[in-house]
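The next part holds the structures, each set out as structure tokens.
Below are two complexes that have subunit A in common, paired first with subunit B and then with subunit C.
And now, the complex of A and B:
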């Protein structure tokens, strides 16, 4: 187990390193940072002064190391737009996005896991077909459009929910449904195929032959094994929700990380964009690392391999 | 014993040439037929857009703004699907919008397919350290929030059809790499690969002549699914104003432009959104169908 953990940890750190290089490159690709810092009306000498003052005249690898060191200490740079530290801008918006991601994931799981299990126990039944159609639907519907339609139907025509903002939990209903539907198909397919494999396995046949009742077999034997890939895909999808909330937050005017990323991109405020990309990637890396540990705990074959 | 004399002979199917068998499976696969049919129709619309559109998609007519579609009492047959806030004919814009979606879907899949296939072939064939590097690249790519990076890149480079295709192509290759890699791993130890190696073929020759043809069907299946993803991504980018530039008729852009009027003119967002949805469903049905048809054991 220790060896497995260390290996996974080493890979995660390496990936984090390469992600940070990409994020760094993203900022440098966007143009001359010294010019941006100095402002549009700065003279060539002023730009040069800013360049030297900020160390932007040094070789890129040196600049990267310097930036990475500060990032490790929590200093993610300063917004070109407002001058505020990117880290505190992100921290202020994180609760909204975290709430959105968690409620969406809860909705997706509540729909996907039961449907996947039932579909697996009765392949080709009507419920299998309906859930498959739901998956096709969730995979193909543009989420910005689905959000607008929900807003029209439930916010404007029926007046059941507020249509924008993030003041109360009711404001999160439509965004969560929108985002949850996009996370649902992958989880459902994974639950269904995992359950079909598990139900085929010898230990499930043994359990059924022993006369165990079907619900007990399903939960104690089949679901326990089928849940491994579901845990992985849930971690992956949760990371995707954090990154994918750009669209939904912009549709519903939720003031979260996605909205901050979108606004910063429009203002070409690349230090903030870079900080958000870095943070979302790190959360994803941590999530997949945790899901690997969870899988290893649940399945001795993985941790002993 | 001929198969015809035994009505229960399941062997009958096995005697058919693989190609005939695939055509038979395709013709019996309703999802594949429906999906392919819709995609073909959309492709025809894209090809002949200037000839079948009733109006110029960019022609503004300020006296004819926001005319509703014909099913509305105020609709006119002159504009079957109405006009937008600048008086442009909506049907013509929708027809021309097929071009953006198909071009982005097709070329983004070609770019990402090339990158992903090369990486998957290398990792699957050579294994060991090469494979570790490939998987490391895949993990890094998966860790990056693709939509955010795409938005940032388009903003930095400037939005155009070419930018969108390249950015999406460079971001959506991960599934190609994973699928091709595991498909190659499965045939890596096959006799015909060993035979080619024993006959003195170089790795490049083995990969090009023996491995690639045998993973081609897997690549095509992933390509259709990635095409669907790229179409959705282009629509999202254009919706956020960081995709193709106005006045290019992109379905995502049309939803964005109709948004401010959606409360009293819902058709402005309903129509282009439904068009994206229909095309993506069709491409996905085609891809799922292709997977069933080309799977060695048939439908599963």
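And now, the complex of A and C:
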């Protein structure tokens, strides 16, 4: 187990390193940042002045090392727009996005796993068809439309929930439903197909031959095996949610990471964009690491390999 | 005469497919007495595994079953509710399967999977369950038992896993053990060990044993009685000496000629093979199903009368027009 963890950790560090290089390189390749910053009507001298002032005249590897060194110390640069540190800009927005991500994921899991299990026990039954339809809806309906409809029905007509902002947990209900519905289908399909495989497995027949009752057969034997890929996909989905949803945050006026990323890209605020890309990749890396640990906990074939 | 432990009469299992309804098991009947070993012999696809699963009421969803009689210790298994069936399974009737590599759950320890039977049937405390599990592992040769309890299936060889399956089947102290090709997936050297173990345990625990196999060589060593299956039907029953020594059905004779050694024919003679293939069991069938491969077939073999069982003596039944004729 220790060796497994160390190996995974080493891989995570390597991935983090390469991601930071790619993130850095992509932004630099997207155009002449000095020209963009100086503006269209700037003279060549002005552009050069901006270039030198921002350190953009140095060779790329030097720029990268400089940036990476600061990043390691927690200094992700300063917003070109407001002059605030990028790190504090992100820290201010993260709670909103994290709350939204966690509630959405909780909702998605609460819906996807039971539905997937029930659907797998009765393939082609009405409940299987209904949950499949729900999954298709979840994937096909655009978030902005579904969000607006929810807002209209529950916020405007019924007045059950607030429609915008992030002051109380009630503010998160509609955006969570919106995002949760779009995160649900992949998890449900994974649960369903995993359960169908597991229920067909010899060990489930053995479990039944032992006289075990359906709940134990389903949960302790089938789901316990089917849940392994579900853990992995949940980690990926949670990463996506923590990266912020521009659409849902816009619709419900939530001031989260998605909004910040969108604004920063529009303003060419490259230190902030870089910081967000770096943070999101780190979240992915950490989540992948955690899901590896979870899978090792759940599957002795990984743990004891 | 006391009531048999397992009674099967007119068992039919059909599977609906795109080409029609497959009659996988077509009127099978046999019985297993207390402490008796019945070998159900036949080639792949003859319906013997489905027969075993039907006896446990564990047929796959796609299969449909009817039976004139399917009873365990007088209890009608066809009408028993699922909960009552589950109470029997693992407790009074247990089953082990062909492939020990996949029959155990990969994510639970050997010990947990054994004790689970004990817990499910409320046979005692957890400590008592662990005690029994360790004793049974020890007895089935999974040593050192205490250490093996904490291991996972993937850490054990195929032979050990089958021993674990056997130990698990004995956790509930069952009266009937159904073993579906328990040695087929194992190395030849291991096969003999597992078979010997099964025979010993059958006596020790006074088990009614329904042993399903395609290997006639096994039959002579373990069986009290034999039932030979062909194309979903039992074509011949009797004691091993009757069936092996004086086979009355041409199919049984064919099977025997496929067996190497055993003093049939001179040393160095060619191993036999039964010509032809099993007829399709989709759609209606009549007459003797072996007639297209049988060297002795006549026109009468296509009639319905040809498939009727003929009782030569108590427990000696043959489904062949010429059953009365000694070979």
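Everything that follows uses one rule, which is that the second predicted complex is superposed on the first by the 273 of 305 C-alpha atoms of A that agree within 3 Å, B and C clash if a C-alpha of one lies under 4 Å from a C-alpha of the other, contacts with A are read in each partner's own complex, and residues count from 1 in each chain.
Keep in mind that, in the parts below, contacts are C-beta pairs under 8 Å (C-beta built on N, C-alpha and C of every residue); 3 or more make two chains touch, one makes a residue touch a chain.
Because the structure is predicted, anything quoted here is derived from the model rather than measured.
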Query: So, A:244: does it touch subunit B (first), subunit C (second), both, or neither?
result: first
Task: In the overlay, answer first, second, both or neither for which of subunit B and subunit C A:203 touches.
output: second
Statement: Winner on subunit A touched-residue count between subunit B and subunit C: chain B
Which superposed partner A:273 touches (first subunit B, second subunit C, both, neither): first
- prompt: Just subunit B (first), just subunit C (second), both, or neither: which does A:262 touch?
  reply: first
- prompt: In the superposed arrangement, does A:117 touch subunit B (first), subunit C (second), both or neither?
  reply: neither
Task: With the two complexes superposed on chain A, say which partner A:145 touches: subunit B (first), subunit C (second), both, or neither.
output: first
- request: Could you say whether A:34 touches subunit B, subunit C, both of them, or neither, answering first, second, both or neither?
  value: neither
- prompt: Can you list the residues of subunit A that touch subunit B in one structure and subunit C in the other?
  reply: none
Field: In the complex with subunit C, residue positions of subunit A that touch it
entry: 201-203, 205-213, 216, 220-221, 224-225, 298-301, 304
Field: Residues of subunit A that touch subunit B when the two form their complex
entry: 11, 14-16, 18-19, 22, 26, 29-31, 136-137, 139-145, 148-149, 152, 156, 236, 239-240, 242-244, 246-247, 250, 261-262, 265-266, 268, 270, 273, 276-277, 280-281, 284-285, 288
Query: What does subunit C use to touch subunit A in their complex?
result: 56, 58, 83, 86-91, 94-95, 97, 99, 102-109, 116-117, 120-121, 152, 154-155, 165, 168, 172
- prompt: Across the complex, what residues on subunit B touch subunit A?
  reply: 136, 139-140, 142-149, 151-153, 155-156, 228, 232, 235-236, 239-242, 252, 255, 259, 262-263, 266, 269-270, 273, 276-277, 280-281, 284-285
